[in-house]
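Each of the next two complexes has chain A plus one other chain: chain B in the first, chain C in the second.
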Partner chain A sequence: MNALLDAGLAPWLRAIDPGPIPAWWQERRRRALESLQTRPLPHSKEESWRYTSLNALLDQGFTAPVQPFTPPPAELDALLIPGLDTHRLVLVNGCFAPELSSSTPLPEAVRIGGLSNWLADDPDLLEDWLGTAIDGKAAFFTLLNEATLADGLAIWVGRGLVIEQPLEVIHICSGQAEPPVAQPRLLVHLEAGAQTTLIERYVGLGKTPTCTNAVIEVSLARDAVLRHERIQTESNQAFHLSGLYLVQDPGSRYQGIQIGLGGRWARTELNVRLQGPHAECLLSGLYVAGDGQLLDYHLDIEHRAPACRSLEHFKGILSGRGRAVFDGRVLVARAAQKSDATMTNRNLMLSEEAEVDAKPQLEINADDVQCSHGTTVGQIEPELLFYLRARGIEARLARRILCLGFASEIIDQIADESLRGHLNSVIGQRLG
Partner chain B sequence: MSQSGVTSMLSIKGLRANVGEREILQGLDLEVGAGEVHAIMGPNGSGKSTLAHVLAGREGYTVTAGSIRFLGEDLLALAPEERAQRGLFLAFQYPVELPGVNNTYFLRTALNSIRRARGEPELDAVSFLRLMREKLKILHLDDSLLKRPVNVGFSGGEKKRNEIFQMTILEPSLAILDETDSGLDIDALRLVADGINALRSAQRSMILVTHYQRLLDYIQPDYVHVLAGGRIIRSGGKELALELEQRGYGWIEAELAA
Partner chain C sequence: MSGSPAFEGIVKSDYEHGFVTEIESDTLPPGLNEEVIRTISRRKAEPEFMTEYRLKAYRHWLSMQEPRWAFVDHPPIDFQAISYYSAPKHLKEGPKSLDEIDPALLETYNKLGIPLEEQKVLAGIAVDAVFDSVSVATTFRETLAQAGVIFCSISEALRTYPDLVRQYLGSVVPYTDNFYACLNAAVFSDGTFVYIPKGVRCPLELSTYFRINARNTGQFERTLIIADVGSYVSYLEGCTAPQSDENQLHAAVVELIALDDAEIKYSTVQNWYPGDAEGRGGIYNFVTKRGDCRGARSKISWTQVETGSAITWKYPSCILRGEGSVGAFYSVAVTKGRQQADTGTKMIHLGRHTRSTIVSKGISTGWGRQTYRGLVRVAQRAQGARNHTQCDSLLIGDRCSANTVPYIEVKNPTARVEHEATTSKISEDQLFYCRARGLNAEDAVSMIVNGFCKEVFNELPMEFAVEAQKLLSISLEGAIG
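Up next is the complex of A and B:
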């Protein structure tokens, strides 16, 4: 407990009382806490924390709110994206808020509810499910999430079910008195052959500092297909941590898109385990970091089974004193012959002061594989800028257009046109 | 005043310009009156594109002497976008590709930037689309090009036609066409020439940089100039182009040396 106490993280551990929780759940919390006590705080000597200091986060004195909180509907309305037609699920400070969520019925084979509902309806399933995707790989902040686990949301999509309407999970972190920390847990499981789209949005309410420490567990059974768009547009005061743990069975397909636009300090850890042959994981990302922002990405992709494909393609735009970290590792296990993995990271630097630390790595233990990685760091090409200006477009707008052009390779992968439009306008504003 | 005595569109006097350390334009004079079409011919590397870029305001070209007036204003004092907003247009010899920038969006932004600068109302998406379809027909361009990013994956000829398409939308006062005819097939050349001719008017002037007499069969110039060694070394009527086609440039240089 010492490291936690010394660092002032004890107030994170006050959890909203979820009502009676079973012994196994208490045991999970206890084990997580125990594990935390044996670990030091993440520090700069750890490879994945080399470029990222925790100090600014610790200085904020974040505290887990103990009172459940419901934002006024008007504030929520302001966070919705006009034209985006989804089945909405809202989490406030990590707790599922059905009264803010869509009430339209879903097909019977999709089961969605807060963890406390699941506990009442199907405790055995929940016990087996919770934590499976993490599989002992929990990062420090994942353990912290686990040690306080009170509520969250779990989505189970039944065998062969194809849901056309996207599910949209909105994470809100808000508190009255102290700067709040929310630690949401999201579980997503697709049974064999199921197909769905999940949009996850992290949004800011107000301008005071907030902290979100989210853990997302995704498991795809055989031939399941998930499109997962994760969009972080929190305020520039926000601190954000999210750890995604994804496991894929044979023939499953995951298409994930990470958009990071907000946050003063935002760290995203993506852990992927391709454990069945012919699974495919496509991960793209876009981060736009301006003055005073640090956007930090860590990818850990494990090819454990043969003939899987993974493609990681991240792009970043950095301006002012904006900073980003792209730390990606692809591991190909000995058994994973015929693996196909490509990792690329491209950065567009708009200022001299901006900084990016990019470190893609391959660790290959099989001999018959196709793997490559590459990183580029460049500026706007003067020739392109001149072309736009020669057509009457003023320099600032011309730069913005070229940046949006650079971003479009990722943004255009977002399925919904309204959401794409929304993102383009947010990016446009952020680029000034 | 220009040679023909009509209102001056462009007046270049004693222009010297460097690219890097090297002087490329070495005392160039050119007068273009409103409504006139001037052809500029000359050997490779003589400075034709340099002149075009200096006129459009490209970075990296330093004017060391001389003056350029465009519609009565000091052109060199203006930023590239201001030049375009005042009606100058350069069709590039090598148009660049703009990945991720949609052609329609690009052109509408350009047109509206120009209109805004002139205090004219902007066109909404619908009226712009109508305008574009109308102009597309003139150049027989496929409208799938409009949905694509600017010039990305366009063939050489398509890029050139796209330049002229932009010109027909932006309706400049002075168009400088830098080897727009190079790389066009015979039919495309005809269409492009028709498009250019359709834009000819008493208020609009053009400078055609070309190596080939062929273009001038379609677009009759009022004047033909020979640019060599960074200067205009001979000017004449359209018959000069024919003579160049037959005799090359050597004889002029020889005459001057004599």
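Up next is the complex of A and C:
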């Protein structure tokens, strides 16, 4: 506790009272708090925190808001993307807000609700479900999320169900007086053969610094297919932490796209466990770090079963004093023969002051595998710029075109056209 | 392919160079304290500043922690159980020619295939052979002296050229650098000193054979090579060690300094005793090697073939300080049995238009565990820096492992950094192709592996390339299956 108090993280632990919670839930919080007390704060000597300092975050004095907060409808409308047709689910400061969410009915086999609703309807299922994807691998901030766990959202898609309309989860962090910290928890489970698209968006309201510390647990049963688009467009004052824990059963397929555009300091940790044969995990990402931004990605991909495939493809554009960290690890366990893993990371540096630190690691304990990784850091090819300039395009526009071209490899993987258009215009603005 | 009995016999092939030469050694009792350090310094008749330097390093070492971050396991090392000085007794006065050398010693070298007297005539290589800790023979002094090249043991250099040593020793690897480098600075026994004067192209390939002989003697070699403006030198280092049941610690430090337009080519074939099939015995090879491209357009290249040692832990690095300087690292590492290797390089780009190339080939068999760990750093001032890194791992057998841990840190937009890595096994197609042409499985594998390593072998001097290929085939014998 002392380390937390010293670091000024104690106000994070002030959670909104979710009403009566059962003993097992209390116990989870207590255990999380206990392990936090035995751990030091993440520091630069820790391998995964080598390039990332916590100081800026600690200096802000974030506090968990005690009062529930409902943003005015007009502000909420401004956050929506025109033309994006989804079933909307809104979390405000980590609490599910049904009154802001879509009310259109979903098929019966989809069960969606706040954790408090689940607690009332099916406490046994929730008890078995919560935390299974994390499986003892909880990072420091995941434990912090766990220790204050009050509410969140859980989505259960029944066996064989195919949902055409994407589900859209909007995370809003906002507070009135003190800089707020929200610690949302999102659970997603697809039963065997289910298929769906989930769009997760992190957005900021207002200009005050905010902090989000999200934990997302995703589990895919046999042959389930999930397309997961995670889009972070918070303000340049925002601090963002998110830990995704993904577990895949045999034959399941996960396609994840990470877009990181906002945030002064944003750290994303992706933990993937391929525990059934022939599971497939495709992860791609784009980060655009402008002046004063730090975008930090950590991937931990474990091939635990044979014949799984994973593909990690991350691209970054850095300008101003923007910084990015890409730390990826692929582990192939002894049993995971016939694994196929490819990790690539490409960075485009646009300014003198930008910095990128990349660390793509392979840990291979099986021999019959195909694993590779590649990293590049470079600037815009003068020849390409010349080509466009020679055709009468002014320098700034030419650079923007080339950057959008570089980004398009990832953006084009987004399924919805209006969302793609929205992202292109945000990137265009950010590049100036 | 696995379980094929065809290779069983060769798997158990014993370490060829496992023999102990019975020579009386003048060895200090095990243990380390300031008195031991003073004794080492006194016996070597070192100047005062050196004794002080050693003591400073020792005091700093006491405050340091043994590093734990490498992917290697070994029982804790008892630094008080090691004897820090061992000199073959018969050599106290120092030999004037080969005739004065103990015949038993010469026999050892003959078994290793480096007959000094023959080399003098045939190979044209000057050999500064290190038998345990004191240099025993130096050949071709005259040829080198004519060119103005200084090639001698570091103890001799300390006595003869104290100012030169004082100017450069510890300027690339300061004693505060890391735990083992610090220990080395305190207790280093002997090593090699090379100085190539301005504009001189060293007429011979310089070579040192290291050999750990007396049991229980840690070897702490210190090598210092200075290439003055516009000079060139190629330096060869090779090691074999006799079979021994105790783990032996080898913590060497190598410092290279290249001034304007100078080039240093440093090649290593490392074949220390790797331990028996269960991983008992074997050398711990914890080495700090670093080159400093201090001058503009200077060039340093490291080429290594690592087949021996129970644990190898080394990262030959280049600090590319001078404008337009070039660094290169070519490595083949083989781990079999219970061997562990955590090796790689660091390329620190500080100057403008600096370039570096990294080619690392890892082959892991049996229970072998191998890690490539590398750092490419481009500082903000390093305009137009360029790096290409390629590290490939080949896995043979399902109990070995290969890890790749590259760090890439770029702070300049004009830098171009590329990193590629692959891990795979020998493909059935390649094997089938060779087998269909009448090669037996083992020759086929040997051929494929040699092809895999070719990029690195091409960088070795001729004599070493042949030796390295032979060593590789011997290492892989029986490991396949």
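In this section, the second predicted complex is superposed on the first by the 432 of 432 C-alpha atoms of A that agree within 3 Å, B and C clash if a C-alpha of one lies under 4 Å from a C-alpha of the other, contacts with A are read in each partner's own complex, and residues count from 1 in each chain.
The definition used in the following text is that a contact is a pair of C-beta atoms (placed from the backbone, for glycine too) under 8 Å apart; a residue touches a chain by one contact, two chains touch by 3 or more.
Just so it is clear, the structure is predicted and the values come from calculations on it, not from any experiment.
Enquirer: Can you tell me whether chain B or chain C touches more residues on chain A?
Expert: C
Enquirer: In the overlay, answer first, second, both or neither for which of chain B and chain C A:S408 touches.
Expert: A:S408 contacts chain B only, not chain C.
Enquirer: Taking the superposition on A as described, I'd like to know which of chain B and chain C A:A354 touches: first, second, both or neither.
Expert: Touch partner of A:A354: chain C, not chain B.
Enquirer: Touching chain B and also chain C: which chain A residues?
Expert: none
Enquirer: Can you tell me which positions in chain B touch chain A when the two form their complex?
Expert: 56-60, 79-81, 83-85, 90, 92, 95-96, 98-101, 106-107, 109-111, 113-114, 117, 149, 166, 170
Enquirer: In their complex, what parts of chain A are in touch with chain B?
Expert: 381-384, 386-395, 397-398, 401-402, 404-409, 412
Enquirer: In the complex formed with chain A, which residues of chain C make contact?
Expert: For chain C paired with chain A, touching residues are 69, 378, 380, 393, 395-425.
Enquirer: Which residues of chain A touch chain C in their complex?
Expert: 47, 51, 334, 337, 347, 349-379
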